[in-house]
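You will see chain A twice below: alongside chain B first, and alongside chain C after that.
What follows is the complex of A and B.
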C-alpha cells in the first residue's frame, strides 16, 4: 500500500496501480477517453491530464493513465491548469463532432456527453466547416460512424492486444485521420463486437443494436452467457420480455472485460425458438396440448405403473447441461426418492471449436454452459449406464431434462429411446427428443432461470432470470417439485439459495459455497481460487 | 565583423566526388576514427565530447555530452542519426549529407565506439532519394576499407550501420516518432515519461538519437581536440561552428558557416548581401519555422542558443527565413500554420484538432472574413494546446509561430480584420514594441520561452 496526496488530502491506495484506477477505487473520477482498464494505456486523448509534484513544490502536467502509484506521490486534480485543460480537450473533441445525439445509439451511455456535461462550455466557438467523412461498413457486425470518432484508438488497440488480429488501423494524418480496415480485410474476428462496447462514443456500433430504443429504457440483468462452458459474465438489456443487447460484465477470473460474438448474439437463437407454452401428452400416438394437472397426472401415473410392474429400478433420469445445478440436483433427488433409481445420465453435446485469443480469452469447445455442474450434481458425465440399461432391458422408462435448442439426438440415442415404454421430457420446443416423449413439460430457457452454473474451470456462478417464462412454461426446478410432490418426495422450498445450501452439504467439492459467497463474481468449487486469471 | 569559417563547409578538392572515400582519406579522412579507436579510451571520448561543450544541432540545442551520459546502463544500445530534415527553412543537413557523407559516418563510428553501440541507423528523409543511394554507397565503401563491420581497426569493436529511408512525414523527425517509424509503425511519438530514448528507445533498448550535423561535428571535435573546438564561439553560450541556412528575401541565399558570435544583422546584410531589391526588413525567423519571429529591432542579437533564448526565440536548426516589407504577416503565418496542420500526426487531441482549427481561422482572416474575436480565440487555442500534447511538435510548429507572429505583428492582423482584406502595413506600423504587449490578453505558460535548453528539448 502507498500513501498519496490528492488535493491536499491523504489517501492510502494500492502501490503500482494506475492513477485512474486508484482514484476510481476512492470514488474520485478522472475523466478519460482512451484509457480502458482492459488495454494498455496510450495517453493520446489528453483528457486525464492532472498535476503531479515533480520536484518539491513544483507541479507538472502528467497523463494519469500512465502514472503508477508510488508512496508519497502528490497530485492536484482540481487546479486551474487541470480544469482548463479538460475544458480545452472537450472543446477540441467537439468542434468536428456532429453532435447528432438525438439519433445516435450511444446517447445516454456516451463519455463525450458525460464529460461535456461536466467540463464542456455549453456553446461552441467553432464557426468553420466540420469535416464529414463517410460512414463505413467495417465487418459483419460493426459499422463505423466516422464523423463521431474521437480517435482514442481503443478499437485498434483491442485488435492488436486482445484478439491479435490487427484488422483496424488509422489511415491519413492529422485531422484527416480515420479508423479503417485494410482493403479487402474486414473486421471479422471472433470478438469483434467488443469494439462497440469499448468505443467511448457512438462511432463504432453493432449492426445488431442500431436504431434500437434508448438505453435508459432497458432493465439490466446480470447473468451468464449460455453459449459455452467458459461461462462469460454478462449483462442483458431487457424490455417487455425481450432481450435487446448482451454485453460482457467484468470478471477478471473468467472473461475479463470481453465476450465472443457467438455468445453476444446467441440470444437471437433463443428468442427465435417456437416455444412450448403448454404441456403435451401423447394421445393415440400423437402429442396433444393438455392442461398442467392432466399432464402431471399422466406423468405420475405412467411412472407409477412402470415402477409397480417392475419394481424399483425400471426408471432412469437424464440431467441437462442447460439446466442449473439446482435443477439437476432436484432431478437427482426425484430419481433417488421417487423412482428408487440411482441410474443417471447426461447427454453430451458433440464438441465445437475451441479458440483462445492472444490475450488468453477462451472460447470452450463444450457449447453448453453447465455440463460440469450437471455432472457434479448427478455424479455422471455420460449416457453409458442408461444406454446399457435400455439395452439389457432393466431400464424401461426415463425422465429427461432437455432444453438445448441447438441439439439433435444421435441415431444411437434416438433408437434406444424409441424402445422405452415411458418417457417424460422437459423441453422448450418440440425437439426430436420431445417428439419421442409420452409427456412433455414446457421448461425455461437459461435467460428465464435463476440459480447457479459451474463453468469448465470449476467456477460456480449465478444465473439470474431476466423475465418470466412465456405462457404456461415453468422453470424446470418448479416442474420437478410438482412431480415430486405428487409422488410423495419432499424437496423443500424452491429458493435456489436454499437448494445450494443443500448441495454444499451433500455434493463433493461444493462444500462451503453459499449464494452470498458466490456473489456476482463466482467462487471456485473445492474452495480454491485458480492461481492464474483466465480472463483476457 | 565575424569571419566566415570553413570547417564543415570545407570543399573537397575540385573535381572529386564527395562520396569518394579514397579522396576523402587522402585529405586526412577517417583520421578521427583512427585516433579515437586506437588512442582514446571510451570514457576519454565521452569526457572529450563533454569538454567540447557541443550542443545538439537538431534544434533544441540540448547538450550532446549530457544526452550521452543519460544513456541507461543496458545493452544492446542503438544509435540513430536523424537526417529527416523537414523543418521549413532548414537545409543544412542536406548540404552535409551531400558533401560530407564520410564525415557523418565517422562521427557515427566514434559515437558508437564511445557508447558501446554495435548497430546504428541513419534515418534519411525519404524525399532525399539521391542522398539515400549516395549514403548506402558510402557505407559500403567504408566497410570495404575496414571502418565498419567486425573488429574495426583491430580494436575489437564491431559496428553495423544501415540507411533507413524516411516515411514521408515531419513527425518522423521527432526522436520517438523516428524510433516508431524504424520499428515499422506509424510514427506516433511515444509518451515521455516513460519512453525517453536514452532509457527505453528502439526495440525497448537505450537509444541515442542525434542530428546528422551533430554526428559530423563529433568528427570535428575528435580531429581538432575539445580545447581547440571550444575556442570557436563562446563557452558560455554555444561552442563550435554553426551552419546557417539563409533563405527568403535576401540577395544571396545559401548555407553559411560562422561561429555563434555572429549577429543576425551580419548574417543578413553581410553574408546574405542584404534584402532583395533594396527593400526593408520586416521580420526574420532565426531557426526554422518553429523558432519565434524577431522584429527588425531585435536582429543585433548573436546567434547562440542562449542569446536567442533570452529574446524569447530559439536557435533551432539555424534555418533563417528573412521577410521584407512586401510580406503580409497574415500570409506568412497562414503558411506556417498550413504546414503544421498538414503535418500534425493526429495522435493526440489538442494538436490534431487545435492546429487545423487555427489554420481555418487564419485562412478566414486572410480571405477578409476575420471577426473581432478571432485573435483572442487564436491565443486561447494556443493556450489550450501548449504543454498538453504528447510531443513537443504540437507547440513547436503548431503554437509558437502563431503566438509570436500574432502577438508581435498584432496591428497588421487587426488591420486585416477591420478592413476585411489582405493588408500589408508599412514596416514601422506593423509590429509592436515589447513594452506594448500588455494590452494583448495575457497568455499563461510564459510567452517568453525559458532559456533552459533541457526544457525546450522535451
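What follows is the complex of A and C.
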C-alpha cells in the first residue's frame, strides 16, 4: 500500500496501480476516453491529464492512465490548469463531432455526453464546416459512424492486444484520420462485438443494437452466458420480457471484460424458439395440450404404475447441462426419494470448437453452461448406466430434464428411449426428446432461471432470471417440487439459496459455499481460487 | 481485392537487404523503406502493394495502410512520370506560390491532383518543405527548386522535357 495526496487530502491506495483505477477505488472519477482497464494504457486522448508534484513544490501535467502509484505521490485533480485542459480537450473533440445525440444509440451511456456536460462549454465557438465522413460497414456485426469517432483507439488496441487479429487501424493523417479496415479484411473475429462495448462514444455500434429503444428504458439483470462452459458473466438488458442486448460483466477470473460474439448474440436463438407454454400428455399416441393438474396426475400415476409393477429402481433420471445445480440436485432427490433409484445419467452434447484468444480469453468446446455442475450434483457424466439399464430391461421408465435448444438426440439414444414404457420430460419446445415422451412439462430457458451453475474451471456462479416464463411454463425446480410433493418426497422451500446450503452439506467439493459467498463474482468448488486469473 | 502482388526477383533482393538492417523482432521498422521500394517498383502504392509489404514484415495489412496513408509522398494512385508539388504553406503563399501553381496549371492544362493526358506530369500542392526562406518552392520528384518565378518554372519544365 502507498500513501498519496490528492488535492491536499491523504489517501491510502494500492501501490503500482494506475492513477485512474486508484482514484476510482476512492470513488474519485478522473475523466478519460482512451484508457480502458482491460487494455494497456495509451495516453492518447489527453482527457485524464492531472497535475503531479515532479519536484518539491513544482507541479507538472501528467497522463493519469500511465502513472503507477508510488508512496508519497502528490496530485492536484482540480487545479485551474487541470480544469482548463479538460475544457480545451472537450472543445477539440467536439470540433468535428456531429452532436447527433437525439438519434445516436450511445446517448445515455456516452462518455462524450457525460464529460461534455461536466467539463465542456455550453456553446461551440467552431464556425467552420464540420467534416462528414460516411459511415462504414466494418464487418458482420459492427458499423462505424465515422463522424462520431474521437480516435481514442480502444478498438484498434482491442484487436491488437486481445484478439490478436489486428483488423483495425487509423488511416490518413491529421483531421482526416479515420478508423478503417483493410480492403478485403473485415472486422470479423470471434470477439468483434466487444469493440462496440468499449467504444466510449457512439461510433462503433453493433448492428444488433442499432435504432433500439433508449438505454435507460431497460432493466439490467446480472447473469451468466448459457453459450458454453466458460460461463462468462453478463448483464442482460431487458424490457417487456424480451432481451435487447447482452453485455459482458467484468470478472477477472472468468472472462475479464469480454465475451464472444457467439454468446453475445445467442439470446436470439433462445428467443426465436417456439416455446412450450402448457404441459403435454400422450393421448391415443399423440401429444395433446393438458392442464397442469392433469399432466402432474398423468406423470405421477404413470411412474407409480411402473414402480408397482416392477418395484423400485425401474425408473432412472437424466439431468441437464442447461439446468442449474439446484435443479439437478432436486432431480437427484426425486430419483432417490420417489423412485428409489440411484441410476442417473447426463446427456453430453457433442463438443464444438474451442478457441483461445491472444490474451487468454477462452471459448470452451462444451457448448452447455453447466455440464460440470450437473455432473457434480448427480455424480455422473455420461448416459452409460441408463443405456445399459434400458438394454438389460431393468430401466423401463425415465425422468429427463431437457431444455437445450441446440441439441438433438443421437440415433442410439433415441432408439433406447423408444423402448421405454414411460417417459417424463421437461423441455422448452417440442424437441425430438419431447416427441418421444408420455408427459412433457414446459420448462424454463436459462434466462428465466435463478440458481447457480458451475463452469469448466469449477467456479460456481449465480444465474439470475431476467423475466418470468411465458404462459404456463415453469422453472424446472418448481416442476420437480410439484412432482415430488405428489409422490411424498419432501424437498423443502424452493429458494435456490437454501437448496445450495443443502448441496454444500451433501455434495463433495461444494462444502462451505453459500449464495452470499458466491456473490456476483463466483467462488471455486473445493474452496480453491485458481492460481492464475483466466480472464482475457 | 485483386490478385496478390509480388516483388520481382531484383526487388526481392533489395527488400531482403532492407530487412537485414533491422533485428528480427523489429521487422516492422522496415515498413517505410519497403513502401518506398514498392513505390519505385510499381509507381504507386496500391492496396495490393501494401498487402505485399505486410506479408514481408509479418503484420496485418491495415498496419501498413496506416503508414502508407499517413505520408502524402506515398502515391496511393498512379501518377505521371514527374510529380510536381507546389508548397502552399504560409511563407510560400506570401511569396506568391498561388501564381506559380496557376501558371503550372494553365501551362499543363490540368487541375490540382490531376495528371496530363500524356502521362508526363502530375500536379499537387504540398505542405511545408522546410525551405521557407527561399520560397516559393517546388518539389519535382525528389528534387527541390527554390526562389521560383514563372520563367524559372518554364525552364525547369523544359529541362525535364529534354531529360
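Definition applied: the second predicted complex is superposed on the first by the 536 of 536 C-alpha atoms of A that agree within 3 Å, B and C clash if a C-alpha of one lies under 4 Å from a C-alpha of the other, contacts with A are read in each partner's own complex, and residues count from 1 in each chain.
Rule of thumb we're sticking to: a residue touches a chain if its C-beta (ideal position, glycine included) is under 8 Å from a C-beta of that chain, and two chains touch if they have at least 3 such contacts.
Bear in mind that the values here come from a model prediction, so they are computed numbers and not experimental data.
When both complexes are superposed on chain A, chain B and chain C end up clashing with one another. After overlaying the two complexes on the shared chain, residue contacts for A:511 are found with neither chain B nor chain C. Once the two complexes are laid over each other on the shared chain, residue contacts for A:181 go to chain C alone; chain B is not touched. Counting residues of chain A touched by each partner, chain B versus chain C, the larger count belongs to B. Residue contacts after overlaying the shared chain place A:83 against neither chain B nor chain C. Contact with chain B, but none with chain C, is seen for A:66 once the two complexes are overlaid on the shared chain. By the touch criterion defined above, A:165 reaches chain C but does not reach chain B. Look at A:173: by the touch rule set out above, it reaches both chain B and chain C. Shared interface residues of chain A, touching chain B in one complex and chain C in the other, are 169-170, 172-173.
Touching chain C in their complex are the following residues of chain A: 165-173, 180-185. The part of chain A that touches chain B in the complex is made up of residues 43-47, 49, 61, 63, 66, 84-85, 87-89, 91-93, 95-96, 125-129, 150-151, 169-170, 172-177.
Chain contact summary for the complex, chain C toward chain A: residues 1, 47, 50-51, 59-63, 65-66, 69-72. Looking at the complex, you find that chain B touches chain A at residues 169, 186, 188, 191, 193-194, 341-357, 360-361, 364, 371, 377, 383-385, 387-390.
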